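Going in written order, the chains are labelled A, B, C and D, and every chain counts its residues from 1.
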């Protein structure tokens, strides 16, 4: 789920209006918006509002121009690494990197990205929950 | 022994179960969908396991993920709450296979009561009155017409696999039966994967009265008096429930309580369950169905008996004998529960979602709040619209109604629409205040309003 | 008849009184300072009158404005809550002159108990044990030394006009007495406008136990059992209170209840009041003072007796006889109140102000919340730091302590600092859990922590 | 009490910081401030923050260049108008425009502004609460 959804923006605007702010800058992950509210209009009228994408500052973790993503568990169970599941291994999107054993059945874990594994976060037999990061990949 | 319980549910009921577990010194594991990460049931548990994305089928109804959450957590028991897997024998069986205790009745009892025809047969065998109708599944439309003419219109077509007010169609004359029979069968097939139907006499403007029972695994079974749940919306979902049924004669209370215990005993019932009845204006009562789980409205029974039903569930699940006999169960005062839902009463109760920007809940003497939400919580469209239960207690029904009225007036929510304005009008209705209610109350009230 | 009540107070206690008035069908008028316009007590009342700017002296203690608010509102009675004008005879007298009923005891009774020396004399006359000490006001330092040596150190120097733990100094030896005598006199003059002092034996590590009484205006007076209030902070302010005092023998309960009724009767007491005692480890009890008003901690008495103390106050104020006799008052179970304050336990409990950005209050079975705040409310520096009362009820003390522990763990507040982390540690203390407490508990606990 | 106190500003800043806004503009009555937050610093550090008075936009009610203020009750009681308390009367700051009777004592009501009364909001004997607007004055 994306954090910066319409609801977030609506909430920010409401907060801004209630507090009398005119400029709203919202940042979330790789997205940023700047909005200007016309506070002289009543709330029910269409707000005079312009939201524009902004230049983002570099993320502190990405200062060297690198980007990281994570391979995540899409099931609850016990993890078993595949042969590709090790630091420095190159993976392609869709590659099977391991499996999650649940109720006696093995479910493949595929990489959601292409890149080089820089860190493995779970080991053989570790219990994992849905969405848990299994490995970091430099993309 | 039960030392670690996974709660296979979400929201207020998961939080409710966690509260009692913590009080009993039992470790708790919550499960949650990605959309529910900020729910209070997650914060309250000792640990929490994400079981999937927002939608129910991806998370709370993802059997493999929920079972595996129980396994990897090391829980020795699972409390199912209500809804979700609470009445699914597959779930209870799978847990048994994993050596994890299901906090609820036996698979056999769930099965016996999950099939409406079998449940009705069990009630008849236990000398409990049932609504006149077909002796089991009706084979075809011709049989349905014959039975309807025998027992007299209006009749109800009920899906064998339905429940909680779902899968029911009223037929007022033979002219309508053919069309509605097909419709009802199709709906039942689509909703429950089972098109089998019953035909039942439609009791006019009955009260919905249910009896709470609880049994241990040593054959002891008692009832904890009744709840009056006639205030139901147009989809037969309960909105306002109370205990006791203040207008009930002591003789009827005794007869219904005993009938409920007989029905439950007939299927070897253990743990908490509810036997639902229709009661007509002449104090005739008819077995309706049995819910083999904790009920949403269980807090009103807790309020008048002083018992903690979740504690009793856990104690009998760990093999203890019931700590009290039928004679030791007493009730005092009157309790009412109002279900607070994120629904817009001005838009045909359409679900309302969004960020709760203000949540000023009522409080003070005699007021209990059960909720997983708070100011700053975002209501998502994926789940049941019930976001809180307001339970009030008074020395008698009049005082409870007054407390409910004051509490609803205080309850102030912004950011989403709720049914609170509707409830405020409802509790001011003269018939409601006089206790002159039936399942026909809300349709009439909405027609008048 | 009382048909319209002005509540001459703010915050949770004003809201608490409003709740009962509304339940009884009585119209309510709130007063508020400009800083309190968003308090829930203002929203809950039928109408509200602004009585001044933020500071107490400008608003809630502005006698003319509060009296005129009562007059222009058309209220026929005023409930004073606790603090503020609740024990000021001038206020009660002025209301009487305006033909407005003061919901509280008579001016004579307030006067008799407002003067510590007179109160002690009344207790002695009613054959109620008192702490050994001066027979009334001590004329000078020399007399103070003589009395202290008679009764033995440590002794307490107490301002005649003090109360609620204020205006008390402990003296451990004759070497300190001279200096502390002057200091205490100066403080008393500055705080209460009255430098008169008593000297009293300091009972070591006593329990603070108080008895709730209520009388009607026809001479009937009963007690509603005791509250154990030994958990007090370093300023002698109660933090955690409970009812009953679980470790008390039935014989002592009876003796103290009867003594409280005798003391109150001796001054012709009507309405609700509290007789405070010290109890030593040998079950000796000593009259301390009488509070001639509703007490902060009254909800624990409500929880175990099932009575609504504000309702009883209003009923006797409108001339009704007490609706129950001493024999009809019963108690069941155990209740504990924890005062939630906006104070930073890591900064010597310095007051904390600001916007409450998150307020996830506990709930569920046996939990009562009394508060005027919510997420989005701004805590101002002008008032008492108590922002909520958490009251839990259980079938016995152990269950109540468990519920309190669970509730405190759930209680999540952001934006301001609160004493909740301190309370969480306190309820986990082994001595606290065993009920092995005294007024020395908190100082010891803080020393250890 | 002035609305725009330190507490309000602190609240606005906290809200801004929590929501990731960089520019905060606070307006209250005749005062307005604009602040810029340096969000890259941790909260405990001294914030890089400049608050400067701003030019105020005209109030919508003052579009014709007029400004209104209100004479308010500073006590609770019954109002009695003085001879100046009528529409079109010119009042100077400090002028007695009426009184509030409380507990048998009359308390003068003085005008807090100079100007012309354009509207009277209470009449003889009306009960008034603290802070209640008694009359509008064009300043």
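One rule holds in what follows: a residue touches a chain if its C-beta (ideal position, glycine included) is under 8 Å from a C-beta of that chain, and two chains touch if they have at least 3 such contacts.
The structure presented is a predicted model; accordingly, all values stated were derived computationally and were not measured.
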item: Touching both chain B and chain C (chains); value: none
item: Equivalent-chain rotation between chain D and chain A, CA atoms, steps of 5 degrees; value: 175
item: Remotest chain, chain C as reference, centres from CA atoms; value: A
item: Approximate Å spacing (C-alpha centroids) for the pair chain A, chain D; value: 47
item: Mean-CA-position distance for chain C and chain A (Å); value: 53
item: Between chain C and chain D, centroid-to-centroid distance (C-alpha), Å; value: 38
item: Centroid distance [mean C-alpha coordinates] between chain B and chain A, Å; value: 38
item: Residues of chain D engaged with two or more neighbouring chains; value: 15
item: Chain B: positions in contact with at least two other chains; value: 357
item: For the chain B and chain C complex, residues of the former touching the latter; value: 15-16, 19-20, 22-25, 40, 43-44, 299, 302, 306, 308, 333, 357-361, 363-365, 367-371, 374-376, 395, 399, 402-403, 405-406, 409-410, 412
item: Contact footprint of chain C on chain D as seen in their complex; value: 1, 7, 10-11, 14-15, 18, 75-78, 102-103, 105, 127-132
item: Residue ranges of chain C in contact with chain D within the complex; value: 34-35, 49-54, 59, 64-69, 72, 94, 353-355, 357, 378, 380, 415
